[in-house]
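Okay, got some structures for you below.
Shared between the two complexes below is chain A, which pairs with chain B and chain C, respectively.
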Partner chain A sequence: MTDMVVRTGLSRKDIYECYQCARCTGSCPALEVRPDAYGPRETILRWLDQGRDKLTRDKHIWLCCTCNVCEERCPQMLPISDLLTDLRNLAARRGNIPDRLAAAIRLLAVTGRTMIVHQLDEMRAHHGLEPLPPAAAEEVRAILKETGLDEVIEF
Partner chain B sequence: MKENLEERERDFESNDLRIGVYVCHCGKNIGGTVRCEEVAEFAKDLPGVALAADSLYMCSEPGQEQIKSDIKEHQLNRVVVASCTPRLHEPTFRAACESAGLNQYLMEMANIREHCSWVHLHDKDSATEKAKDLVAMSVSRVSRLVPQHELTVPVARKALVIGGGVAGIQSALDMADAGYKVYLVEKSGSIGGRMAQIDKTFPTMDCSICILAPKMSEVGRHPNIELLTLADVQDVSGHVGNFRVKVLKKARYVSDECTSCGDCVDPCPQLVPDEFEAGLSFRKAIHIPFPQAVPSKFRIDMENCLNKEGIVACDKCYRACEHKCIHFGDRDETIDLEVGTIVVATGVDVFDPRGLTEFGYARFPNVITTLEFERLINAGGPTSGELIRPSNRLRPKKIAFIQCIGSRSKRSNPYCSNVCCMNTIKDSLLIKEHWPDTEITVFYIDIRAFGKGFEDLFNRSRREGVSYIRGIPGEIVEDLETKDLTLIGENTLLGRRYRHHADMVILSVGIKPSTNTGGVQRLLNLSTDIDGFYMEAHPKLRPVDTTTGGVFLAGTAEGPKDIKDSVTQASAAASRANILMSKGEVQIPAITAKIDADKCNACGLCARVCPYHAIVGSKEQGYYRVIEAMCQGCGACVPECKFGALDQTHFTNDQIVSQLDQALAHDPNNKILAFACNWCSYAGADFAGVSRMQYPHNVRIIRTMCSGRVSPKWIERAFLKGVGAVLVSGCHLADCHYNHANQQTVKRLERFWKRMERNGINKDRLRLAWISAAEGAQFAQVIHDMAAGLTKITPAEISQTIERLEKIAKKKGSLT
Partner chain C sequence: MNSSPGRFSRRGAPKKVIMKYALYLGCSIPIKYPGFEAATRLVCEKLEIELVDLSFSCCPPSTSMKQVHYGSWLALAARNLCVAEEAGLDLLTLCSGCVNTLKEANHILKENDSKRRRVNRVLKSVNHRFEGTIEVTHILDVLCQDSVQDKIKALKARDIPLRMGAHYGCHYFRPSAVMKPQVLDEDEYPLPMHMDELLSFIGAEPIQFGRKYLCCGMPLGANMDQDAGYALTREKLFHIRASNVQALSVVCPSCFEQFDMGQIILGRKYKEKDHIPTFYLTQLLGLYMGMSPTEVGMDVHRIKTRKLLKTIGIE
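The block that comes next holds the complex of A and B.
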């Protein structure tokens, strides 16, 4: 595992050494489920050939699950996961965050949960279980604000 | 000798100086920027100058003739040529002087092209002023030069070759055929090296051992070659022409009478994985490496013999041997050799892919390496040439090759291993030749088929139906039942993912420097490059020489290469060594260090920093002395001496201080004084010139052979003179041409910075930069940065520095 701190402000000089061997693509689990995704190799190639800005408007970058396997196997030790994270942060700041993702974050910020649970409560009651304790929505919001998400998504 | 030299020096001091200064226009190269007539006019008034002239092309025949006739006509006893870099035409002008009867060491060049006109193209006034400074520096230096006579040392007409692979074999044969005695030292039981293990060679598909074996036996029976197998070089001392070498010859336990009948093998109870067969089969403890081995003699691998504790626990081989060749009492012996030249041909090891766990090598039986494949397909190999899957011993129908394993990667070796692409192409054809129905897929990044006949072989492979898919798999998955393999990856040309099924996967492994590289490197004072291969003296023009005189490189020890290139280089190395041996003597440039025994305090500090162990002596003896033939002339020892007993010929303290004083004679506050080493930084500054990289004109460069020569005293003197900033520049730490002598530079500068800090002097005014000969841009950038820094240094600060230094000088004598 490489450095746990996500590197930001990555530029061409961090990835120019990519020679497109595609070991990353062969290691990518996101591609297993979404064959239309770019995969790390194509993302890097597009970054180098078409520039970062075009990629920030591209929905495909949101399919990476940052599992880091590509980075583990990259023969050139390129910071692929960090690159994707950096790219998506930038895309989000430019308002290019996918609606479904924005909705999910809003849900998390408002309810403190990643799922809508009111039906779940009925089910729990049906089975004679206590209702779920209230989620720490306030705390979650504080964390989200700490990351700067509130500047990108209203909640 | 010493007295004579001093007499000569006196002679010259008593003579009046008659310096001739020649300012070259170099067409428009210099003349277009520098007003050469003005510079020549300026030079006329410099002390000791008898004559100054400008000329269109000094290096031309008429230009040289002018120098020659002036030396005679005007009795010139010194010459300054202000033109291009001395790295280009110093030999030309030295020869011109020498032919007119003037000692060649009395000629000095001022570099007003690469270091002046080309880098200040748009500032004619400043360039002309700088050229005047450079000429004044040279005139001042030349008036302090003394005639030198190069030392001639005899070269023993014997050679040592380290490593008995194809490169070592070729070098040994070439030198032996030329009539010189050759000792060939090989660490294993037979010569032959990697080439003996390979089945076929590319691009001709020759049987590898069939073409190698005749050469091996030629070595075995050559009257001029003494073959030392199971041997290791333990120690090397001496210098070019006269090396003393200690070789440890390990016990063979089988005498020379062995006829290699093989009767001893069957009775031996000890089974050991066979190294020659890449571990794919077993051998006995008593064995011959391979049938064609030279010397064709068995040996006992005592590590694996039952008698290894020194007690005869088993004598089965002894009893089976009819000729009674087996001697359990055999002992290692040390052999002393004296040789004039050494060829290093220590070869390579193969990359071990176990670390790349995603490919499953050593976990999945059907994943093998190309070296294992060579043994599997070889008729003399463990399967008699039947290609089988290790899991079930059946012939594989679908084979996949994966390229660049252990090459071109920061995780393993960053360089391209050079041979793997062609090796795979050849392997694919071998399989197709024997079993045409085999389905072969090669997964690659780039196919590098750059050599003669290579592209043709690549085409043939595709014509035979081998598929090439661009994209290395991310991982290999094994079917637990069938042991079949699935490669998961992406065909980058189609942009589509693949799941490729194969019976067998062959990893095309790269090569890496031999594990014993480090040992030989230390013994011979060699440098290695960033990848761990031996570094040549010059990558273009001295590709088989090393920076140690009399030591040459052959084969893959210098860098990854195929058999043809190894053989070519081996012959080149032999030829270079033959030149030395045929001449029988060698000239040592008169730039060596010398110790004044009367002043020497026998502290031994100089001996400790000498990268060549060229300084010997002891406290008991009362002094140290320099072995001139071993001294390479870096001068790193000189600043170490506290008693003024040490100096470097032709780069004396006096000479360099005089240059320094001239450089800072006018407007020192706005000047940058740069010390540049001959091999890298001076050449880097030359390269900036050749590339016309413009940088500020207020830098003045002084050349030393190595940055290790730069004395802190010079830096202190420069600050006392009111210099704005000082730059010390040298080769990158791993690339020092004097075997890490520049480590001394670091040490001394760090000490100096500390002292600056302690005395409240701005540390930023002294900079250390590593600039290689290829980094012209880097040199220009450093000067830009320093010039920018200079604007922040006030005259008040400079005078304060001078005051402080003077105060220290009064109290303690010196800052250093």
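The block that comes next holds the complex of A and C.
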């Protein structure tokens, strides 16, 4: 199922339903702290003007909190979050993925969890808790091989 | 023959609702913040909510895996759902991120036949099959049920009279069509208020503050730019301080980390010393029921809670 994506089912014509009102961008937290981010409005405009291919090579598409505020507030009810997820999935497949994110995904693929700490048993015992059983790492790995994650990130 | 109810008749006996869930801990809570796990287990035990531990993995987050590889996101989430289905239990999450992934995946897989078929083809190799037989919930939703609130009230040891800010975490309630469909039916703007109500229930004063429903900064920091993430946290803290909030209540370990660790990091950078303690909701419930701050894991918070709790007579 390597080609499984969100599939918004939106054509280029549908995306033209965006009339660039920037209500999304006015609500975008990422844009507030990173003025070089595009925000949803500009991302959609670039998509239409330059085509999706060019955009998938652009690092700026990862400057996003995934908070979904843009989608909630879109007066045209465009599924902006799904559009951006589709775009980033394609970008990742082409090798455009932030290092920190790639490292987190690799850790998950290998251990079944997204984080790791030293002296975990002692920490848990301090709070009166049993040691944490290992995650079902082998099953996780088998699933992720089957879904084709290793075509995007080696693990 | 006596036709009146015999001693074994169940008529008249109080109806006992047994609450039992598969406890989905996720990654952050059991690894970074086991104190929240301890508080939750203690509070649930008092409330007679049975928690069952099963062999789950990372949810995985919609902030990371979903953005990188949607198919992997859906399939891993499906496996976690299957593990709970196989035990015949609804799944209880403690994190705004986990509830987002698992609730949305459950929704997608129940509604979309083709995606369910494809995911089941993948899960076959590890002997699972998604059937769509369970629901996903969050500890906040459980604590807000009427029957549970009656029990909470009966367990009261003391009030928590603090000016508190409730912080839900974006993914707990957005996208609203999936996370809170019932709210949409009522034609209301879909912003949650029930943690605020729960806080006033335990004697706190819920305070409204600017940027309450916007991002804490975690996903931006974790994926791309830590400084930008903390800049968002700082914006938020500015509004929180301006509203004279004494402490925050969260239901998400990522939000907690942004506020707790974030204030240490921001404090060093900007020489800001006005620190606002953050609590995980079940820690507050624990205090309300008479547990000590250490019992509910407050001793390891980076922003110390002792001074504030002392002002309301809790030591």
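Simple rule for what comes next: the second predicted complex is superposed on the first by the 120 of 155 C-alpha atoms of A that agree within 3 Å, B and C clash if a C-alpha of one lies under 4 Å from a C-alpha of the other, contacts with A are read in each partner's own complex, and residues count from 1 in each chain.
What we mean here is this: contacts are C-beta pairs under 8 Å (C-beta built on N, C-alpha and C of every residue); 3 or more make two chains touch, one makes a residue touch a chain.
Keep in mind that this is a model prediction, so the values were computed, not measured.
Touch counts on chain A: comparing chain C and chain B, the chain ahead is C. Once the two complexes are laid over each other on the shared chain, residue contacts for A:P35 go to chain B alone; chain C is not touched.
In the superposed model, A:G26 makes contact with chain B only, not with chain C. Of the two partner chains placed by superposition, A:Q50 touches none, neither chain B nor chain C.
With both structures placed on the common chain, the touch criterion links A:S11 to neither chain B nor chain C. Contacts of A:M115 after superposition: chain C is touched, whereas chain B is not reached.
Note: residues 27, 69 of chain A belong to the chain B contact set and to the chain C contact set alike, using the contact criterion stated above. Touching chain A in their complex are the following residues of chain B: 358, 404, 408-412, 445-446, 470-475, 487-490, 492, 495, 497. Of all residues in chain C, those touching chain A in their complex are 27-28, 30-32, 34-35, 37-38, 41, 53, 55-58, 60-72, 74-76, 79, 115, 118-119, 121-123, 125-126, 170-171, 174-176, 190, 214-215, 217, 219-220, 222-225, 228-229, 231-232, 235, 297, 300. Touching chain B in their complex are the following residues of chain A: 19-28, 31, 35, 39, 41-42, 69-70, 73, 75-77. Contacts from chain A toward chain C in the complex involve residues 1-2, 4-6, 27, 29-30, 32-34, 62-69, 71-72, 81, 85-86, 88-89, 92, 97-98, 100-102, 104-105, 108, 112-117, 120, 123-124, 126-129, 132-133, 135-137, 139-140, 142-144, 146-149, 152-153.
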